[in-house]
Amino acid sequence: MVEEGKMNKEIVISPITRIEGHAKVTIYLGKDDSVKEARFHVTDFRGFEKFCEGRPFYEMPSITSRSCGICPVSHLIASAKACDEIVGVNPPKTAILLRRLIHMGQIIQSHALNFFHLSSPDLLLGMDADPAERNIFGLIEKQPDLAMQGIKLRKFGQELIEKVAGKRIHSSDWILPGGVQWPLPKKKADYLLSTLPEALDITLKTISMFKDRLQGLDEEVQNFGNFPTYYMGLVTATGGLEMYDGNIRVVDQDGKIVADQLDPEKYHEYIGEAVEPWSYMKFPYYKPLGYPDGAYRVGPLARLNVASHCGTPLADKELKEFKKLGKNGVVQSTFLYHYARLIEVLCCIETAKNLLEDPEILSERVTSKAFVNNYEGIGVAEAPRGTLMHHYKVDPQGMIRWVNMIIATEHNNLAYNKAVTQVAKKYVKTKQLREGMLNRVEAVIRAFDPCLSCATHAVGQMPLEVQLIDSEGKLIDRKIR
Amino acid sequence: METVEKTKLATIWLSGCSGCHMSFLDQDELLIDLAKKVQLVYSPIVDVKIFPENVDVTLVEGAVANEEQLSLLKQARAQTKILVSLGDCAVTGNVTALRNAWSDSDQAVLEKAYVETSDEKALIPMAVPKLLKKVHSLHEVVKVDYFIPGCPPSAALINYVLTELLAGRTPNMEGRSKYG
Amino acid sequence: MSVSTVKLKINGVEVTVPEGTMILKAAKDNGTIIPTLCNLEGLTSYGGCRLCLVEISGSPKLFPACSTPVSAGMEVTTESDRLKEYRKMTVQLLLSERTHICSVCVANDQCELQSLANQLGVDHVMFERQWTNDEIDSTHDFLVIDRNRCILCTRCIRVCDEIEGVHTLDLKLRGKDAQVIMDLDDHWVNSCSCTSCRKCAKVCPVGAIYIEGEPVFHTKNKDIAEFILARRNRKWRQ
């Protein structure tokens, strides 16, 4: 698909595969054939901010859960927190523990999905491997033990969600404003504790394997989205890793804390959203620096950059090693999102164990009852891919009048564009297109682990064709996958 | 080396949330058995970029919401023997189709998301696939052979339907057609 | 006291029931369930949903079992390919008439329409769906009506009229435009007759009328009309 633009030549990679959602990349070449810029376009949109209007607020967890099938729990939690505020109650302690538990399950399965099912074919079969085999089915054939480990780790996360909330995906019957619908029976808690050690073992083995391979991946580390940005994430009162509650911390590329313990509900004071005509995904930016200088990253890499500790022993040990890879403990390379992801899985498994062993998690008091007491509610939590915000305004009867959602993946949009530009500049050098070159552009996107259904509150797809055109508009080369 | 001819399976996601694909992956260890019987010739989780010819079974998740999805769906229909609507968005429109309640729904949702709730450069993205006026379920647009309702359909149900189709049988959907 | 009885055949099996019994009850009392939606024990029959249509030999027409009394020598068929096809079509028509999105509905998994569709194997709707967007009336303290989910079974109207006795609810307009209204079509909070007894929510087969903040499985009670009627008529003394 050739598109004429201000630049003379364009290469379009479409669709990006082995990511969640629909996107394409356009690489703009100058007259001298060098890469000038690359852009990351998100190509579908559903419109949650509009069609939720007129629905009762207590349906929002159910509806927003359907933003995304990989991280529906993140939306359930952010939405429930916003609804808690509308209702004006504090959920009982057990309800919070259970919500935290299911959140751990969510992060474990989502990170496992990205690492094993989506990205590992690049890392383990090779970036230049035959595209027909460079996928989870190819992994099942070529490295069956590893594929099985990935399946089992994801299964653990999904079962954690299922046992607590009744359903693996879109378990919206369980969570509600003011708490959760039903408690956790001891039998199920015991079952989860029995399958936990295997998940822990797989995670530790995978981290070890990744670290071993890191030497051979130096090129990727240096060139895949390795550039300075700010970082943002939720932290505890003592600056530790926090996924469910906490306050916002922003850290600059040198590790300096530029803003700390910000109220996440006042997100609008420090985060703005811009629009570009070539993508359905909006562009959040850090307001003090303006647009587009205010680029920042969220997600596993960012969270480990802003946090000083994880709070669980094995994860903290790994975190110390991880931070050594960056200046002042801040790791810039997007490729190392993969490493950060694994450390987060470790932390989540350790945390899940603590939660399951807490006797209070079995208590039956799990709902606080009330109705509309406030006309506005904001819920913020850390989804697997970064900070997620749900903001609702209702009328006195509780009908939604206004919705805004800033989705984890969105925050990284400016960084996405920087990253694909960097990789394209490094690898799209010759007049010959090679398939592995294109795959590398896609691989940096996979490292971010985008969730584009969420990010545009929509989903879509397109086929891929890459064309290389010279300055006279003549087709030099073409690759179709 | 394959000694048995594997069924060519494809999956597509249109305007949905990818939950049905996640449910597909929720078959867990059964995926290993499935990998022996099928060749995944096109899918968001494999790197094939053009929909191939002569596909045996295609599972399609998501409703049709923009022009590119419409043309991909038509292409898939033409190049596939058995087309299956996977999940409520594909079968009924589901949440994706909530915008159909507004006339000029495409404009309404774009205005809200990109103009009313943006701080900088509030404009409607143009250089991206154009939204259709209404969101459609798949069988409003192409002939569909089988339907798997559910939001998402359980992994067990997906496995049942695939097993029946691979064996050349018609799945019995009585008691297996729960929406939601 | 003797009651005269009637002998008839249901699916080839001879049964004996009291005179005046509707086919639906005659079948149920003899182990055969005919699907229904608008019918509710304890309320008068309405015959509106058309799901209980049965075949009676000697006539090409179909008869609603809920409002057709038995007669001597009648031969009723309750299961056939034709009836199955018509039931599936009826469910599809109901699903297409308004905005039915099970996944986000308060009655998900507790809904009689949803479970009937499941039971019959209605895996898709062949008719074009109408995406209605009627405003939800949540003005009442705790009762809510979402008319986008209403299937016009009129159970709520009948229970309010016959059991509670206040007749707050009724229908306005006709055909697919018909709507359940309160009093003279004002917001629920302004109703001068409603006693807030919640029976409408208890008998609603779908997620159209429900109680805010209360899980639907907790609210629904299909036996309420029969129970109150029996108590009122002192039936336990027999």
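Note that the chains take the letters A, B and C in the order they are written out, and that residue 1 is the start of every chain.
We take it that contacts are C-beta pairs under 8 Å (C-beta built on N, C-alpha and C of every residue); 3 or more make two chains touch, one makes a residue touch a chain.
The structure displayed is predicted, hence computed values, not measured ones.
Taken as a contact graph, with one node per protein chain and an edge wherever two chains touch, the assembly is complete, since every chain touches every other chain. Averaging C-alpha coordinates per chain and comparing to chain B, the farthest chain turns out to be C. Remark: chain A and chain B have CA centroids separated by 22 Å (rounded to whole angstrom). Look at where the CA atoms of chain B average out and do the same for chain C: the two points lie 35 Å apart. Chain A and chain C have centres, each the mean of its CA atoms, that are 46 Å apart. With touch defined as above, residues shared between interfaces to two or more other chains in chain B number as follows: 94-95, 98, 101-102, 151. Multi-chain contact residues, meaning those touching two or more other chains, occur in chain A at positions 63, 66, 170.
Counting only residues that touch two or more partner chains, chain C has 103-104, 108-109, 133. Residues 12-23, 25-26, 28-29, 31-32, 35, 39-40, 43-51, 62, 65-66, 68-69, 72, 94-96, 98-99, 101-102, 105, 108-114, 117-129, 131, 151-152, 155 of chain B touch chain A in their complex. Put simply, chain C touches chain A in their complex at residues 103-104, 106, 108-109, 133, 135-136, 138-139, 142, 144, 212-213, 215.
The touching residues of chain C, when paired with chain B in their complex, are 95, 99-105, 108-109, 114-115, 117-126, 128-129, 131-133. Taken in their complex, chain A has these residues touching chain C: 54-56, 58-59, 62-63, 66, 170, 172-173, 181, 369-371, 397-399. Chain contact summary for the complex, chain A toward chain B: residues 14-15, 17-22, 41-47, 49-52, 63, 66-70, 72, 113, 117-118, 131-132, 134-137, 140-141, 144, 147-148, 151-152, 154-155, 158, 168-170, 272-280, 282-283, 285, 291, 404, 439, 442, 453, 457-465, 480-481.
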